[in-house]
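Naming follows writing order (A, B, C and D), and every chain is counted from residue 1.
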């Protein structure tokens, strides 16, 4: 499978930096993702911390995204992760401009272009309809719309504010119909995922409901149950 | 004159923080701008340092932009300039995302929206065609296209890379035709300005060629000479 | 009076960016500060927004600090305030590294040195005893110790945590006894100020209790009442 | 060996993000470091990119430092590396405040304290004598003095400016004698290392001369040859 043709719908899990997602925790979630992918046929991608990109890709054969990539060329930078480093570790793509790691517009464009040139996938995060419009103009593979006030909560954006999703889908169709849209923020059940798809998006971006679950496989199984 | 209807073409001079543009220097340039505006009828706006916004607006009746506005509400912030502060000082608009003060996309959108809601003008700076496209989707009053490598130089963007200007004009027309486009970077003569207009833009954004001139009025007179 | 010899104790009011401190609001507070200085003989300094530095210094003859200064030389910077600009506007000193505008250590050192070289006063903000120790090693005129969790609150640091004040005074005496110490965070009454002085500090840094007061002169009068 | 008792002198190699230090490149350098450590008995530590911390520690039994650690608790952060993540990957310490990744003073203090509490080593980078003084007051294990203008060059700080080294050693002795000092910037030969030790420091921090070498073992062998 070419990186740039992940099947739709996509369930993309951002592992963030929770105690539950560091090191062994990442393996636990990857094992669950592998299992539910095999059962359901739904594509489940993971965005682990940098040290876990290689082992997760290597052991579980799961599409792995970086959580961030620094918009710099390889060179004299300390503590940074240039694209070459995340690619070399085995990532097939990267989140860009997550609301917890916002970038300026020049750097977002640089990352989207560099990922495209490297044959990798870009998933750029937006926070409302206007920024979704702006970011879709850059031609990323995915725009994930995540209203910051709903991130980490128990109310999914598809329940709380379906208008922001349909508005995003409409504006992306108008500006750059090749861009896929993911629904993010508060996604925690099969019903949320189904609504996200029904509203016209191509999948979901989520984090805490899987990462902090006692049984991540059970949560993932529920998430894909109505697809 | 309503702020949101500055005449086209617009010559907008960013005073930056040069020794020549601080305090009395700002007055020297404002006097020149007033004089050349009166002679030529061309609208010349200035973007001085914060302390000079009020005196320049007050004494010379020139359209004054802030160089930046912090995307925060008034409150417990130290060393910041919320929109209310630049408006209260007399600015009718603000530069946003200059390449020397880049903002993340959520903050750019916040500033553009807040300026619009306050009846003020936004001039958002972009660095290439892709970011021009993205930024025009936010609906600012102006997008100023300034390839960073040409800023402060003696070669204007209209000579060095006319394709970036026509490409920007074309993409803005497609995405949001209400947005005006300014040509920036390296503008230093009447010929540069004329080319910028001929390529379809609505004016120019420039800095050093006026600020560091021995005779700013002479330079401004030359800049508007072919309009 | 030489800037570098402000009388002790010092009451330094950071106007921040409150609605109540922008433009006319700054004048209202400056008038009160002038009045209470004249009555009491206590030195009251103000740190207003950039546009208000000049008018407040000019009209009220009060020691004016900038809230921040950008660690850059004059030049091609947009939206920044180099030292020359705050000095030219009339500031005799600047806050540095307020918890609402933290700087890296190299830039703090640059600012402290540049202010000293310009004959201006530096007031560097720290957040605990360890950072007070570190910052005093740079030789600023003042270190203001402000535990962030108490800023803007109704409990002064001198009540909530006198140990942090005495610990700061002790460590500064050991590392650099020429540095004066200010007590910050939550200061709101004459009793707070008296305690701050009794604990061995040279004055107070405060904000909201004066800025948001209906009658700033009454609050200032109370603040200096036990000195 | 307890992490907090690395033998002196220490040769610490910051791998940065060079093409030559990513992935397989890191293994090449680690192999060389292992070899030269075994031959010479000198402690050689490496600070690789995040994905290489685990494999290098695991395969070569070399003291591994992170290049940076984000001053956040584990939780809802995207693209960050909290201390738990670098520790879990196998790092025994971390660089802090490298001139290519500067931190504010509150965050430096937070990192130094958190590393100490976790039984890990902190190596804080300074850029001149004044910042060395300030940073030593925080009680890190090491302060590495690296004048930014010499980083990556062919002239070592010990040749170009021995006064900055001896000045740093003296001030650290005065403020916090438990802190070890490393000489950084431009170190490229056994003679540089010997001078660094002769000037009173406890080792060196270096990068490009090893990372970009055709034969890293030969360079490392030369570096330790006069110890």
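Quick note on the criterion: contacts are C-beta pairs under 8 Å (C-beta built on N, C-alpha and C of every residue); 3 or more make two chains touch, one makes a residue touch a chain.
Note that the structure is a prediction, hence the values are computed from the model and not measured.
Here's a test of the contact network: exclude chain C and give the groups of chains still joined by touching.
Remove chain C in thought and everything remains one piece.
Quickly list, by label, the chains bordering both chain B and chain C.
none
Quick check for you: after a Cα superposition of chain A on chain D, what is the rotation angle, between 0 and 180°, in steps of 5?
180
So which chain is farthest from chain B, going by the mean of the CA atoms in each chain?
Max centre-to-centre separation from chain B belongs to D.
At what distance in angstrom does the C-alpha mean of chain B lie from that of chain A?
37
Using the average of all C-alpha atoms in each chain as its centre, how far is it in Å between chain A and chain C?
Measuring from centre to centre gives 45 Å for this pair.
Two or more other chains in contact with one residue: find those residues in chain D.
99
Edges wherever two chains touch, nodes for the chains themselves; is that graph a line, a ring, a star, complete, or other here?
Chain contacts: single closed ring, each chain with exactly two partners.
When you check every pair of chains, which ones turn out to touch?
Contact pairs between chains: A-B, A-D, B-C, C-D.
Tell me, which parts of chain A touch chain B in their complex?
Per the stated touch rule, the residues are 97, 99, 102-109, 113, 126-128, 130-131, 133-139, 171, 175.
Under the touch definition given earlier, write down the residues of chain C that touch chain B in their complex.
Answer in residue numbers: 14, 16-19, 22-23, 47, 49-51, 53-54, 66-68, 72, 74-82, 84-85, 88-89, 95, 98-101, 151-152, 207-208.
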